[in-house]
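Pasting the structures here.
Next come two complexes, and both contain chain A; in the first it sits with chain B, in the second with chain C.
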Partner chain A sequence: MSGKIKNFKELEGCVVIYTDNYLNDIEGGKLEDECDVFLNGGKRKIVIDFANTDLVNSIGISILVGIMEKVKKRNGILFFSSLKKVNRDIFNILGLTKHISIFQTEEEAIGKMLAHE
Partner chain B sequence: MSDAAYRLERLLFNMDTLAELAEELTSPKDFHKIVRSSLYMIMGNFSASKGAIFQFDHDKKTAKPIASKGVGDINDFVIKLEKETIRGLVALKTPIDLSSNKKATSFLGVGKTDLEKIKARILVPLVVREDFLGLIAIGEKFSGEVYSKDDFRLLSVIAHHIAVSLHNQSLLRKLMGKYDENKKLYEDLSCIYYDTIHAFATAIDAKDAYTKGHSHRVSTYCAAIANEMKWSQDETEGIRIAGLLHDVGKIAIDKSIINKDSPLTNNEFVELNSHPAIGYEILSKVKFPWTGIPKMVRNHHERLDGKGYPDSLGSDEISLGAKIMTVADSFDAMTTDRPYRPALTIQRALAELKENCGRQFDRDVVMSFFSILRSEVGKEGKPTILPFLSERCVHELKNEPLKGFL
Partner chain C sequence: MDNNKIIFNVCQDSEFFGRADEIERICCYGASAAKPAYGIYLTGKKWLGKTEILKRVYHRLFWEQNKVAPIYYRFKDIFCNIEDFADDFLKDFIRQYLAFLKKKPAIATEGISANKLEQLLADMELPDLSRFLALHREGMKYGDCVAIFKNAINMPHQTAVLCNTPVFLILDDFNLTANICLHEGGPGILKEYMKTLMSGSVSYLITGYTKGLFEGELFPGSIRVMELAGLDEEASTGLMARMGERYNVACDSEILALAARQLEGNPVYLKSIIEAAKRKGRGLLTIKDFVDLYVEELAEGNMGFSLGSALSIKSLNALRILHACVKSKNGISEEEMVEKAALDGGEIRRFISRLCGLGLLDISCGLIKWVEDKVAEDYICYLYEAEVKRRPTAEAKTKIMREKLKESFYLEGVRISGEIKEELPTLLKMFNGQAVPKILFRNQDFLAKYSGNTYKKEDYVKEGEKVSLPQIIGCSNSMKYECADKGLTIIVGYGFNSSGCYNDENEVAWIVGVKDAPAAAHIGDVENFTRQCGAIMGDIKTAAVTRWIICKEGFTGEALKRLSIDGIYTTDIVQLRILRSIVEDNGSATQRHNMKGLASLKEYEIILPMSTRAELVAAKAVEEIGINMGFDNNAVAQIKTALVEACINAFEHSQVKNGKVYCKVIAGDDRIVINIKNQGKDFDPTFKHETSDVVKLVEPSKRGWGIELMKHLMDEVRFEKVHGGTRLVMAKYIKRNGEDVYERKN
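So, the complex of A and B:
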């Protein structure tokens, strides 16, 4: 099962979602649904941590773009963290790195997120 | 990242997408899931947040979504496509940038307004051999970048793959439609076939006031014995039909002979005993889907000791099917009233079968028949023979032990 959320962590004012090792089929759409639930529940600050994710393909990108669009619509803030180089390169060639803040570690992303007004 | 490195990475990513798309389109998954995955791949490849794939309905001249993402619930959304529009799309084949000058997209007519509702930016017709199958519509890139010529080329390749898949699915759907149609026709014909044979069996039995239901019972007993002797389902079905028709030759016998309650004259015997041969003559002209039916009917009054009729065959010359039919026919004859005598008790009938093993009846067949009765009296499994016996026979069977016969 790819793209499944292993777990998530709710901090004061921010949610951290941990993705599974693959984000490469439409089952990964559950990640988008989960983000929907948080957004509908009033959460506006979301960090997605990719530490466990080895592969993001075009399907995974479409799911992440869907999340980026939804967060943007609700004036929320979305950070990515712990992206492996191969996945970061994909974001780069698709021009997405200009539209999303990517941090080396989850802690760094949370720190920036919590400091963000 | 240098420009060359960037272009190489982009190329590799596109190739990965194409390889995954080919794998997806040839996978045995549910078709709608495949289309959805394909749409996600296209959208991801171009970082588009909105997109849909439409399938064209040639009868209604409309395109309906079969997969969508980022455009909300568009299940009821329908794009009307005029003949001119379709002609234009088929001629064009390549992707269309809907934001380009109006002239290039004018042929879309009302369809363009529909596509604007879902904020489609690029439209890709799905065409196989001049046959218009549908559309891919995708929105702006999330990055805000414009679609390049390379993007258009890649979209054309992807669209071709998806169009072929849609075309195959459409062919498969038509084929399945024909299969269902033929299957129903076959089932209807089968029903007519069985109903006709049953009606025929009823007509045969109607000739004899004493043998009402005889052919149906013999048919059931034959099938039960065949099943007990591990015949295949198809062979069992064959002997079931043979049982229904085993007395068809009686159609040619004078009714007064069949129903005569006093001893028959020699000539009358000869006429009555000709019914297996007449039955064979009638049935050998019928093309049955099972083999051996006419022979079983001809030989159902043969005996293992060669004293039967019409051919006085020896044991080795009589088929197992005919031997089964002989036991089934004799058992029913013994357990039902006849114009010249009342029905025997079940004990007497079973004793007759046992005593005549090796002379008139085949031992294995008789033992199989007893085995069925024992199981059914012991309430093992669904009864096949007991429901056809008279109340008196069932009562006798349940109260008299079958020990001596098994």
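So, the complex of A and C:
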């Protein structure tokens, strides 16, 4: 099921997905597919880590919004981590930060996620 | 050159710029198998590249589709009888039609004889086309001009019906049909031809010089006019720079931009100047370089030769008429013309009719107007000096050169120092809401306070009463208001109060009388100025008018008294210097900032294909440029993100298949400016998106946040309407420690 997915880490109870350097329509589409695979496989706790991502374009953001909605519909939890300042700023400009928790590091996000009931 | 050879002979891609939009639109129209309800009339001044566009359209339709056969025919000015035209048209048509069906250009270009054509038609089992040749021969035999004409012009429609391959007819220089007559002395075939085109089943495009070609002949909506303008400045300078590089002609980009404006983006003129520079081994590095080459080209070069044959001025009287029209910017009546040219009415009418036919003049509301371009205007002026005034060539050239140097100087935006009247428009345009001491507009008070003392610039801060300057947006120094004989030049500055509201209530005008003569302004000057102001105020109808006299040598006591009573501002040369200094230092931070920024510019150009992740190439380049300029990492990331959005927008809005996106990055001392332009329809700069609530973001249209993002990430984002689309311009300033950020949002 998750054989096609390369950039992820599966932990007890949660999964961390690592995004590419440039989050555009194509990479965003792949990320959405990955999330679908995990959600369909019963995972409900997802961390998306942006440590490798320098650039996010507006199409990529619209896809992230779609993912946020899907996770919410499945009663899951989604956290973002390791955002570069510029990306955090644009998430803020477009109002995403009001609807999702963002953590400085992947570890911080995982810790919070695992503590979450 | 033979019609059918012309069409397969396109110029090099490196010398063809800026017409992708027009070509795309015509191709879309021409490739439609069903005849649209309208034809296209492509119009524009001479040598703007109409034929080159048609050739490229033809090429695309010939090679890239099989549905519609493109047929190109260029009318020639040598035809005056119907037989010659019909014979030529018929054969060219059949050759091109067969060439298209077989996809063999040689059938069109090799001048196959009528007999061989008939053989070919038989081989290709197209006997219906042979019938047109037979009917033509029969008409010729009996001298039946009407039958010959009808057979020729109905052939495209009949062919489309009989042969199942529709036709897109491209008729170049269609205006020349006015010279082809069915009977000697009769009217031209233009009207009849148009009727056939409109009623037939063939889609068509015709070209011509004048917009008024069909006056009174068309149904509304039956023709869509596509007016071709010169290349925009960017495309013009691009063309010249590319040619300059190829020919090793050293060029300065500012001078190329100046040449582009002077030559109105006409590709033929632009190329001629570069070719002349190459021939003469010169560069284009100064205004004088350009003007030298330009005038030589006009007088003795290829431009002059081509203009001479195109304008076809056959008599001094025709030259006098053209010159009178060139000099009269608003047109000239026939009565005035009779007076100026010393000819009788009948003779004038004959000349004017011929010159209108050549597309040089146009008659509208009884006024005869010059309608050709500025270069042709200069050529007429040169010819007038040489032929009518009988000046030696060198003298005539010098005269034109003097005028062009002055004009070029103005066009380049270089300020001519010296007389106040020449400097004042520049100063007025720097007025932008600054508050300046009122004493600078009260000569009497200024003299009382500072006579014998030194007025330091800092003193103005202490001055109590201030005048809030308006924002002046334009000036005129029309001859109409000139009263030079009385020693005053009138300049009117138009603008708005500095409140920021551009409405009727805030509209203002400053009427300024300038006396540069070495004498104080006296009561006569004041009376004259007051009278002129009355006339101007009647004309401009602006509620708030400020009157101001500037005199180098000051004012007489009597004049000052009167001016004070009338509430007219008074300024001498000392006050003016102080005012200028304050306006420059205090009010025009923007301009100073701009000038600083422009001090050492580096320009980078990136052309992106419309392919996946192409925007990253531009982002990578801008990252390097930004780091070198001293932007911090976050600012570089912001610029990259904004650029990526701009590129995606440009890709999305491009209407051209396989089009390109042009990025220009300008690195100044204190800012980076990025221009993005595509080949296509406009961006929608008015788009506004709520960004405060994510719920709204997930509504059906998830796209469109790009502009909002760009505005947040960059310091300036604006859209400029340019020829063939919209250009997005973004700027970001370097924030250095201890330096205030330039107040952009003023």
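The rule we apply is simple: the second predicted complex is superposed on the first by the 109 of 117 C-alpha atoms of A that agree within 3 Å, B and C clash if a C-alpha of one lies under 4 Å from a C-alpha of the other, contacts with A are read in each partner's own complex, and residues count from 1 in each chain.
Convention: a residue touches a chain if its C-beta (ideal position, glycine included) is under 8 Å from a C-beta of that chain, and two chains touch if they have at least 3 such contacts.
Keep in mind the model is a prediction, meaning the values are calculated, not measured.
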Query: Taking chain A as the common reference for superposition, should the pair chain B and chain C be classed as clashing or as fitting?
result: clash
Message: Contact-wise, after the overlay, does A:I90 reach chain B, chain C, both or neither (first, second, both, neither)?
response: both
- prompt: Does chain B (first) or chain C (second) touch A:L55, or do both, or does neither?
  reply: second
- prompt: What is the contact status of A:Y22 with respect to chain B (first) and chain C (second): first, second, both, or neither?
  reply: second
Query: Touch check for A:H99: first (chain B), second (chain C), both, or neither?
result: both
Message: After superposing on chain A, which of these stretches of chain C ends up overlapping chain B: 45-53, 117-125 or 495-503?
response: 117-125
Query: Overlap of the chain B and chain C footprints on chain A, residue-wise?
result: 24, 26, 57-59, 61-62, 65-66, 68-69, 89-90, 93-96, 98-99
- line: In the complex, the residues of chain A that touch chain C are 22, 24, 26, 54-59, 61-62, 65-66, 68-69, 84-86, 89-90, 93-96, 98-99
Statement: As the complex stands, chain C meets chain A at residues 612-613, 615-616, 619, 634, 637-638, 640-641, 644-645, 648, 691-694, 696-698, 702-706, 708-709, 712-713
Task: Please give the residue numbers of chain B that touch chain A in the complex, ascending.
output: 1, 6, 9-10, 13, 16-17, 20, 33, 36-37, 40-45, 47-49, 69-70, 141-145
Field: Of chain A, residues touching chain B in the complex
entry: 24-26, 57-63, 65-66, 68-69, 89-90, 92-96, 98-99
